[in-house]
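Next come two complexes, and both contain subunit A; in the first it sits with subunit B, in the second with subunit C.
This part shows the complex of A and B:
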């Protein structure tokens, strides 16, 4: 186990690292590029550098390496080894003592101010590392910066859910006895079979009334309201066209028959629900349930 | 009935048999015939049930069974287990055949897994009211009943868990069981993940590779064979009003299994025994909640009282109604009830690994939530 706080104290105790000289003196071409990149059209930066550019002058360049005594580099290495492998800069506060002029050659020193953690963050568990840098022209301090980064262990991302487009969902078989129902859902009607002889309501439907024997089924259009009679929260295994977990509710419609459908909400037996229609494609529209406020 | 189970055979129970389903069937049938002291040429009838890829004629070819005068396949998957024995016994009684072998064999874990969503099953018009709505696994279909049962009777997930604990306890001392030596506690059950709330992983039986076969012949012929016969005292099927396969959700009461009530009535009437004569109960346990409902349908306790009945310890090996001494399907293997019938035969013979003392009668049930069947086995 790496004692992060102890290592931080050791690095902080080293104080400032040796001054690191900027690659180039303050120069007009770099000022112009910077102004262009940031869209700053202020006309005053002729022979004078924008103060916010201060960090630019001492950047190490594309292939630059940190010096061995750089406290931020040392602390990053320790946190990497402790498993806090990711980094995000959180804030930097800069103080400028005066404008810098073309031709001045800067150097920078850095010390470790403090390391706090471990903290739980939205990104994952991590440590806040704060450094303090000072820019010098000769032995004159011209600017300072307090710089803070979060060095963190990326949170375990949930298993990527397989894409489950509705089109992959299992489709119903439709025959002469059931086509009225699916024709209904296409028209956003929840149809319940009603016997043309005795008026018996029946779901799932069938061709012959078990009460009177008639073979002339008709239907009524349900108000689409009912209560949850029972439900399941499905977790495993994966179901084509759906993302787990999801709820399937057995709903007792106000007309008296029961019907299954997916339910969008926190289910409870006795809860009032209403029907929702979701178009899968031109052929298929699925009925499902959502909560309905009691009236 | 004038019929008896005179031979039992099984393959190993595994998660990856490494051989074809037909080979498993052939091995199980051959083992059962050897146990019965018979040869393939004695066989003239074969019975299996749906959701098995092994055709009767294919099994006959592998075994070298020369002629068949009776072959049938019973519907509704696991609900047919005891009905295979009923078919065989009826064939023997009517003279349609003399020696009938009932079999079941599959690679249900390494091959086609029954616990997954059976997309093809949605082609069935009945299933078009459930599968497209996302209700496509046996566990979820049973969970819908279980949720309502809990709501009406105050049963809890722990009450379901006690069945799993008993089965796994019995399996722990059965060397043939997949979960041999691996008992669980109620805490294990309670901390197992949700499959389909209110069902947890340990409420759901395993998926298995394997085969089981049973040899049925007449009581007279049984006298000439080496094993003590397990007489078929009664065998019956049951289906009830507004019956669906796994989704009979449209009846008034969702807390019952009326098709098992039909079976129970038939078994008591035809066997002439009463509930108190049952020495061992092999109850189909693909999902724990339906064991509770079966206890109620079979009349061992009142409606909603199974949770209290279980707590009395009645289902332990030394209780009033020892449950699944082989470990059930939760513990031994999921051979769609056929391994439970074989256990019933061993209990009658007195050769079970977890033998209950002085077994006169064994009750065996088949798959629940579907049209089902049941058996009473007894000594002569």
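This part shows the complex of A and C:
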């Protein structure tokens, strides 16, 4: 078991690493390349470097390697060994004490300022590592940077749950009031309850007409066409027999009632849909919705 | 240049050429900034802009607005969603502080995936 905080304290105690000299002095061709690439037409960078270039001068280059006493490198190695193998930069705070002139030769020193963790982040559990770098011309500090990275264990993406067998899917509770509906889906009919007294259409069904009080409901068979009135995209919790996310749409049928069902596609309010019937087993056929091309 | 002043919105098209030429101009040779195959292998959608370029773009956004006589004293940035090749990076900014010649400007750079960079820039403007 690696004691990360102890190791961090040890590295921090070393203080600044030895100065690392820039490959080249501040020079106009590199300034011009930078201005050209970034599209910066600032007229002032003639003999003077853009401040935001300060880190460029001391970059390690194409084949660059960290020096052994580089505190960030040391801390990265320790966190790698502790299983925090991924890295992402989170902050860069640069302060420029003055503008740099062509011909000045920079060096940089770095110390470890802070290591905090373990923290739970969106990317996974990790440690924030903060270093402080100072750029020097001779013994004059000309710029500083506080730089923070998150060194983390990539969050395990949850294994997609194996699809539950259809038999385990949630089943509707069928009773005297709803029997006609499920009998209908088995025959690929979308049935809407219609009052035997006043003819009122209603869904979901019930024993007594809310309008006239009659208790002898009948049904009519819908054309199965409608528009999406509203919908939800269900992400959580898991539902037996379903792979999340899935869409449940409230569809306003052309006959006037609204009915819920799963929708296969990218839902849009007002979208034309039609019913499809999916046989689960001999007992159960589920109605759902799919987009319908305008005819 | 007063507190509350907004900077004009600025759009940067992060073409592959832009991502690569800025990475090289800032001497950042990490493969994720110029080699799409390796970037994808490492779990990225595409190559993406490096930090030194983001810092440079934030500086440019402010100096384009403030003029060449403004002196940049500080660029503090927090990094969020990567800015991938083919993204459009949209910059927004506002003056949030002023003490005589010293201005503090808040900057956000946003792609369709979210905030790529949020930060503050401190500049000194001529009297």
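Just so we're on the same page, the second predicted complex is superposed on the first by the 162 of 295 C-alpha atoms of A that agree within 3 Å, B and C clash if a C-alpha of one lies under 4 Å from a C-alpha of the other, contacts with A are read in each partner's own complex, and residues count from 1 in each chain.
As a working rule, a contact is a pair of C-beta atoms (placed from the backbone, for glycine too) under 8 Å apart; a residue touches a chain by one contact, two chains touch by 3 or more.
As the structure is a prediction and not an experimental result, all values here were calculated from the model.
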{"item": "First (subunit B), second (subunit C), both or neither touched by A:233", "value": "first"}
{"item": "Subunit B versus subunit C as contact partner of A:44, first or second or both or neither", "value": "second"}
{"item": "Partner chain in contact with A:286 - subunit B first, subunit C second, else both or neither", "value": "first"}
{"item": "Which superposed partner A:68 touches (first subunit B, second subunit C, both, neither)", "value": "neither"}
{"item": "Subunit B/subunit C common contact set on subunit A", "value": "none"}
{"item": "Sites on subunit A touched by subunit C in the complex", "value": "30, 33-34, 36-40, 42-44, 50-53, 55-56, 59, 61-62, 64, 88-96, 99"}
{"item": "Of all residues in subunit A, those that touch subunit B in their complex", "value": "169-175, 177-178, 203-204, 229-242, 245-246, 248, 250, 257-262, 269, 286, 288"}
{"item": "Subunit B - residues contacting subunit A, complex", "value": "115-117, 119, 122-137, 140, 143-145, 147-148, 151, 193-197, 247, 249-250, 254"}
{"item": "Touching residues on subunit C, where the partner in the complex is subunit A", "value": "18, 21-22, 24-29, 51-53, 55-60, 63-64, 68-69, 71-79"}
